[in-house]
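Following are the structures in question.
Each of the two complexes below includes subunit A, the first together with subunit B, the second together with subunit C.
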Partner chain A sequence: SRLAEGTPRRSIQLSNIVEQRVFKDNEIISTPKRGRKTKSIEDADADYSPRSVQKTPTRTRRISATAKSTVTPIRGTAATSASAAPITPSQKLKKIRAGELSPSMQQRSGKPVDESRKSQLQLAREQLHVSVVPKSLPCREKEFENIYSFLEGKIQDQCGGCMYVSGVPGTGKTATVTGVIRTLQRLVSQDKLADFDFLEINGMRLTEPRQAYVQIYKQLTGKTVSWEHAHTLLEKRFTTPAPRRVTTVLLVDELDILCNRRQDVVYNLLDWPTKSAARLVVVTIANTMDLPERLLMGKVTSRLGLTRLTFQPYTHKQLQEIVTARLGGSEAFKGEAVQLVARKVAAVSGDARRALDICRRATEIADTARDKCVTMLHVQQALGEMIASAKVQAIKNCSRLEQIFLQAVAAEVTRTGVEESTFMGVYTQVETIAAFMGVSLPPPGRALRLCAKLGAERLIISEHSRNDLFQKILLNVSADDIHYALRVGEIAAAN
Partner chain B sequence: MPEDAQELRKARRFLKERLQRDYTTLRGYKEERSNVRQLLQRTAEMGESNSLLLIGPRGAGKTTLINAVLTDLLVNRSFVDNTLIVHLDGNLHTDDRIALKSITVQMRLENAADGKVFGSFAENLAFLLQCLKAGDKKSKSVVFILEEFDLFCTHHNQTLLYNLFDVSQSAQAPICVLGVTCRLDVIELLEKRVKSRFSHRQVFLFPSADQFEAYTKLCQELLLIPSNSELKASADRIDSLHLLKSEALNFNRNHFDGVEYEFDNKFVENWNKHHAKMLKSSQAQKTFQMLYDFDISEAFLKNFIFRLVAQLKPDAPHITVDQLTALSAQYEGDDKIDMLCGLSVLELCLIIAIKHHSEIYDRDPFNFEIVFARFSKFAKISTTMQSVERSIVLKAFEHLRIGELIMPLSNSGVGKVQKEFEMHKMALTYGQIQQAVQRYQALPTEVAQWAQSSLI
Partner chain C sequence: APAAAPSPPRNKYQNARRVLNSAETQNLPGREAQLQELREYFTSHLESQSSGSLYVSGQPGTGKTACLSLLLRDPEFSKRLQRVYINCTSIASVGAVYKKLCAELQLKPAGRTERDHLEAIQRHLRTAKRMLLLVLDEIDQLCTTRQAVLYTIFEWPALPGSRILLVGIANSLDLTDRTLTRLNARCELKPRLMHFPSYTKQQIVEIFKSRLAEADVLDVFPPVTLQLLAAKVSAVSGDVRRALDIGRRVVEIAEQQKRDGEKEFNLKALELPDGQEKAEPRPDIMKPVQVTQVAAVLNKVYGASQNLEEDIEAAFPLQQKLMLCSLVLMLRNERNKDISMGRLHEVYRRVCAKRNILALDQAEFTGTVDLVETRGILRIMRKKEPRLSKVLLQWDEEEVHAALSDKQLIASILNDTACLSR
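Up next is the complex of A and B:
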């Protein structure tokens, strides 16, 4: 049935009922709800309600054991919300599920570093961090306008709708959409626009597609319930008309993760806007442009509609503009240095994150070199590090027999003409090369060890060593890289 | 002399413990070490979020580098107070569910009590993300150390990696994600949205024992006994760690501790002089060159030296060149030849029959009947193998099979084909068989002659 394949059924209502019956609401004892998890409500009733007074010996022992160790670690700001009496873990869990306990992080003991004490490079580095999203994104004005007019229109018309936004990673999709939402929320606070709710889910932050219901419901009410329950409650909310319902904007990030074979979650998320009672506007974000046609079913694609927007990768000019906008008026970067980063990154992916990370690395390099300003050389070094190809370096740093082994694999590929060679053929080549170079030949057992070591590094791709002489070996580096690494080394050694 | 024996026992224990349990001493890698150290320091002090991948071949000192950096930093009070360290291992945390529970426990979040985590997988993930989202520059930095990072890439949807990298790229609690792996192409394993969120800092650790001199110096360092003052300095460093009692270092309870050892000056002088001389000798150099040619990693050398040190006895108080060469001969030896030499003559005859078959038909697969026919031809005219029954030969054949000297062509066909007719291949080279025949003790001349030529 439907329940069988979702999350293990662990209804909170059920356990609340049971807890109320057994522990009379306020007793400070608890047992980990292990055994009860799978039982149905009848079982739980039979187990607990008649015998709630006279407990079985094992049960009392367990309870007393847990009661003794009721020292619960309480930390952070949440400790203030807790009363003086110690809370047992299950009570705490209940509070977490009810949303009464706000999750918190441990605080630092010292104060953060003062702004005025930071150097110019440090300030630039902080400004260049990917997390510092600017108030208005440069080079995305058109897309901003597009999404803004769509959402504003939907909110004003008080109808539902869908939009699909796509583009390769790092092209400012989520940042633009949340920017639009922020602008709209500002308008709402100035009473220039009708009020609306904003919900947000991310496919990659869910353990499975159906948890989307849980997260949406949690953002509406703050409570955590099982997905079945959340689903029915959401269904009720969106399908039954209610007076003074405000428009809800739902942002769905990483849409492709929410697609499973049945596609029931995506269908529901896109079907609700079509109901007149819902007033739901769904904005979906994904990477691939043709996702609706490629992955989604016909009816889902049809509901997704044709309001679409594609974010193109940044060009080198745009990337340059982004970085200079981040830097503000700071003199920490030379103009041509930024240009070099922009051109190199735009040629590969057009990913803004990549450009910002490389710039940040360049400031670090300049910092260690004790320079005040990031020049071309620093950027050059940062580019070398971050668009790294370390294979030649790895081959150069292999031991001598490993190098011979790599040469042998390359020789065997040349000899047979096919990419895939067996260990036996390679070993014959090793014998030949070792004899030629005057090195003592390793026995096959040790050659297998060399092979496994190179395979772990992924310089070659090899099977499990249990296949012994018959395992297949593929070269994972190009044969030219091997020759380059070993020849250049030889020439350097000769000089 | 009982004192000398005492001293020697102490020296042996000292050397062994230093080889095995010294988790924090890192040799070389100055630049890489300062790179990682600065990154962690900035995460702790400035509240920057970062991510880094440490890549290098197995045995290159990746874990030692992290341990060394952490020991350096943990002496610093401001680092200890402002950071939480979360260790994860791809071999232990085989899926996101287990990893997430471990994170919850190690960060001491509120849904964990005494190492037990409450709630389902989905709830745990949601709670962790909420906690991290609630944090800002004022909250503690979290350093995630993911060992065997490539195994985390195999998890479903790479959810954990996406979320960790996503937190490091957004304005939430400051975290630093440190991946450690031996695969060079690990970035290609990441999904493109995860790859985009990763900051592409990679630190490569290739053993810098590129030159043989550095390698011999390392040998000396591992084998010689330091002076008492040096011992004291290292002991002080370890003591400062013990004082911290930090949970971040799970190795400090059982770390090598130099303070227990104090050597007689004369003994140390004697020891070091003898072994420095021994290591200089050409024979020793040749042995180490052999090891170096095979594997340049420190782990391999340590293994070798441990076996060497374990041979120290009161009646043989020094490591001699002979011991060194004898041990290296063990390393060079071929295990399969040893195995062949342990077979009975009948089994060796079968191996020879298989070898003849392979030579004639160019490594074609064979079954028992083929081998038995070839063997019977030889047994009929031999003087010693006349009375061997078929069932005994079959037993010998099975013996070879479970010794994996011969291997079945495919594992699937076991049920279908009778065992006398199942096809096999030989997992030996001709050279190995030849050497085994030469080295076999008391091999009948007939068999030795038959091994030379398949003509009878």
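Up next is the complex of A and C:
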């Protein structure tokens, strides 16, 4: 049955990053792919036999023994000292699973550019990047206070609980929650609060809902095990009382991804806090406001509780405050430019990421124009690019016959009154329009090609052209757009 | 050094908050009859040494699991019964329940397949020295199309020589009638049914009283507030988790208000000239929670859409408002309630054009509709093409009006039927 199938056995992939780092300087060991390459190179060299060097266990042991004796602890990190001893791929995998090798990335060879040599626009652009999370989030003080008092109370009371945080994307949900956690951790380090563990999973980073157990266990111990094993161990941890257990705060981002049909993962994540031994506090984040009622089962909703918090979209004033706070005292932006961005974004979605992106784009435009300061015009251009409708341009750039075809589809829709028309009706309209304009008419075979091209551009929605005359055609742009594009074109042509 | 928890003196609010948690407890007021019935059932089967099955049903939060786990811990049964508790949400797949049971019973199956585990269990059932009490929580997770596993489990009592007491726990009242119809064919296999009714008002009051008495903070909640809270919860769901949640919220809010009050007091104290009555430590006055505070929390919890409106007022993006108004306009004036995204977009563009507002193009518009969907106002039935997706209004028109709280805009758009013409 479908339920019976678990996760694939090998849930961990060897990441390229680790492979490169560990084995780059060590030519003796090679991954299979690299082995093939070296072999082909070394084939000319008769004396060289890489296989015996690799595979003989005695040799390996000897090398590792010498490595142990010779490698001084100057290069102290785990990754480099491990690289000194040759390992087979399975040994490497074992080490990765046990968490003994930490994944590292290759360092850049050049040095990063000095801060002082950057221009004001460049600095502003870096400050405006979405990834730069400010120390204190402007306009989210109330929500911060709410989450803070909840978590602080739970940690002081040493009992478990759940909270559900919702809001549309880009309203600062995750940033606020992690900010609260950082504040609490600072309090712990000053001995003003009882110690607590912090775990974090994100539903989107899991290939499968049950991989959540693996991730949680990995953050607790550093080891990677199969999900079944991880689940058993977690259940043991959370159900058996331990006298020195500290509170565990678990942040679950993108909760709706973790909901499968059985909802067993969500159930377990929310059922553990109800055990008195667990001392688990779960904070769940999702976009949908009514997710518990819409998607979750009754018993899961009952466990989720009523402590909820909704993040409203930012208003234009708040967006303005956010952007000015990012810019600091920088003069790179005109005040009215920021206001225009804030107003435009707040009217559509209230998404702070979007406002920051548009501001960054505006600085780029100002940079290419060699201006020192971002003005309204730059912002207008950036808005035009980011909240753009390219469809009118696409229609204008169509070939003459394609334009006639689009006109014909629109005419057929007005004639019949239904949105869906057949190719036959459209072709009749094409005939009429072509006769009116005095253009020669393409044969239906070629008109099908036009239709397929427009369909691939998504200006219309069409079926496969195998049922030629009877295929259904839908307009994907509005009829007004077609008239507008063609009339403006005509006027331009007439002039 | 872990566990060096600096524990400041706790006030009564904090104690109440701690004791109102929704974790397991030892005494279960309001469930005496059910406990008694379960106990009698177990003892009668123990005395006659006959096997039997029981199906316990009830709404979430009515104390099913609490009762059973209380009995599982009971020393009265511990000598005469071998007890196993399995939560069916924590098994890997439906068939894996045998493996879990083997692990709980510490059996050594011959092989590693499901069948081997099943045979090991059945051998154990025939030859066991002690009677087995098997509690399967959330048993509806074991439902499949053929119900092979459920039937196998519920037929164990009829296994020759077996002495097993089987208890299944789930939410739906008629699970055994719906999915296990074949068991009705044989009277001895038919599970005995037991329903846990939702808590009544009086029971919830009792639960609160016993919890609060546990920490000696009964005076935090005056009887009137308890009555109000219990009446409201029992009228809606009778779910004790919900009741405890609300009780905790009330205490949290009371604490918050008290802290704010103290802050004010401190500020006032600062303003006083130095000499006078400065060093008077204010006694820790614990005001009991007010009826108004309870009512405010209840309104927030149960008047879900009402308090949505309050929040929305501040920040409802303009384009989303225009989209919703266009949708209401179409629903009012068109016979066809089947509204596609493309058609909605067309009307919306005309509405925008009338008001001299730059309309969004279709790609952006689809995103806007998505954002409104996260508020629960709409539902989108996805189709292959975004233009063909259907948009369904989930709220009442009145609710939408109240939520938008922009009467002028709505009124002007709703009069604009000219926008609808094709």
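In this text, the second predicted complex is superposed on the first by the 417 of 495 C-alpha atoms of A that agree within 3 Å, B and C clash if a C-alpha of one lies under 4 Å from a C-alpha of the other, contacts with A are read in each partner's own complex, and residues count from 1 in each chain.
The rule is simple: contacts are C-beta pairs under 8 Å (C-beta built on N, C-alpha and C of every residue); 3 or more make two chains touch, one makes a residue touch a chain.
The structure displayed is predicted, hence computed values, not measured ones.
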Practice prompt. Check subunit A with both subunit B and subunit C modelled on it and let me know: fit or clash.
Written response: fit
Discussion item. One more residue to check, A:Asn476. First (subunit B), second (subunit C), both or neither?
Written reply: both
Worksheet item: Given the touch rule stated above, what does A:Lys192 touch, subunit B (first), subunit C (second), both, or neither?
Response: second
Discussion item. Under the stated touch criterion, which partner chain does A:Ser90 make contact with: subunit B (first), subunit C (second), both, or neither?
Written reply: first
Practice prompt. Have a look and say if subunit B or subunit C is in touch with more residues of subunit A.
Written response: B
Discussion item. Between subunit B and subunit C, whom does A:Val246 touch in the aligned arrangement: first, second, both, or neither?
Written reply: second
Worksheet item: If you stack the two complexes on chain A, which partner ends up touching A:Gly161: first (subunit B), second (subunit C), both, or neither?
Response: second
Worksheet item: Touching A:Arg446 in the superposition: subunit B (first), subunit C (second), both, neither?
Response: first
Discussion item. Which partner chains sit in contact with A:Lys391 here, subunit B, subunit C, both or neither? Use first/second/both/neither.
Written reply: both
Discussion item. A:Glu419 in the overlay: touching subunit B, subunit C, both, or neither? Say first, second, both or neither.
Written reply: second
Item to complete: Applying the touch criterion given at the start, work out whether A:Asn287 contacts subunit B, subunit C, both or neither, answering first, second, both or neither.
Response: both
Worksheet entry | subunit C versus subunit B - closest C-alpha approach in the superposed model, Å | 5
Discussion item. Show me the subunit A residues, by the header's touch rule, that subunit B contacts in one structure and subunit C contacts in the other.
Written reply: 168, 287, 349, 387-388, 391, 476
Worksheet entry | Sites on subunit C touched by subunit A in the complex | 2-6, 14, 17-18, 21-24, 59-61, 87, 89-90, 92-96, 138, 141, 144-145, 171, 239, 241-242, 245-246, 249, 252, 256, 301, 308, 311-312, 314-320, 340, 342-343, 345-346, 349, 360-364, 367-368, 371, 373-376, 385, 387-388, 422
Worksheet item: In their shared complex, at which residues does subunit B touch subunit A?
Response: 34, 38, 45-49, 55, 57-58, 78, 81-82, 84, 96, 108-111, 113-114, 116, 118-123, 125-127, 129-132, 134-135, 137-140, 157, 159, 162-163, 166, 169-173, 182-185, 192-193, 195-197, 199-202, 204, 206-207, 210, 290, 292-296, 332-337, 404, 407, 425, 427-429, 432
Item to complete: Enumerate the contact residues on subunit A facing subunit C in the complex.
Response: 1, 3-6, 149-150, 153, 156-161, 166, 168, 191-195, 228, 231, 235, 244, 246, 262, 264, 267-268, 271, 274-276, 287-290, 294, 298-299, 301-303, 305-307, 310, 312-315, 318, 346-350, 387-389, 391, 414, 417, 419, 461, 474, 476-480
Discussion item. Which stretch or stretches of subunit A touch subunit B in the complex?
Written reply: 7-8, 10, 32, 69, 72-76, 78, 89-90, 92-93, 96-97, 101-110, 112-113, 122, 125-126, 129-133, 168-170, 204-208, 211, 214-215, 218, 224, 254, 257, 287, 349, 351, 353-354, 357-358, 360-361, 364, 368, 385-388, 390-391, 393-394, 396-402, 424, 427, 439-440, 442-446, 450, 453, 456-459, 467-470, 476
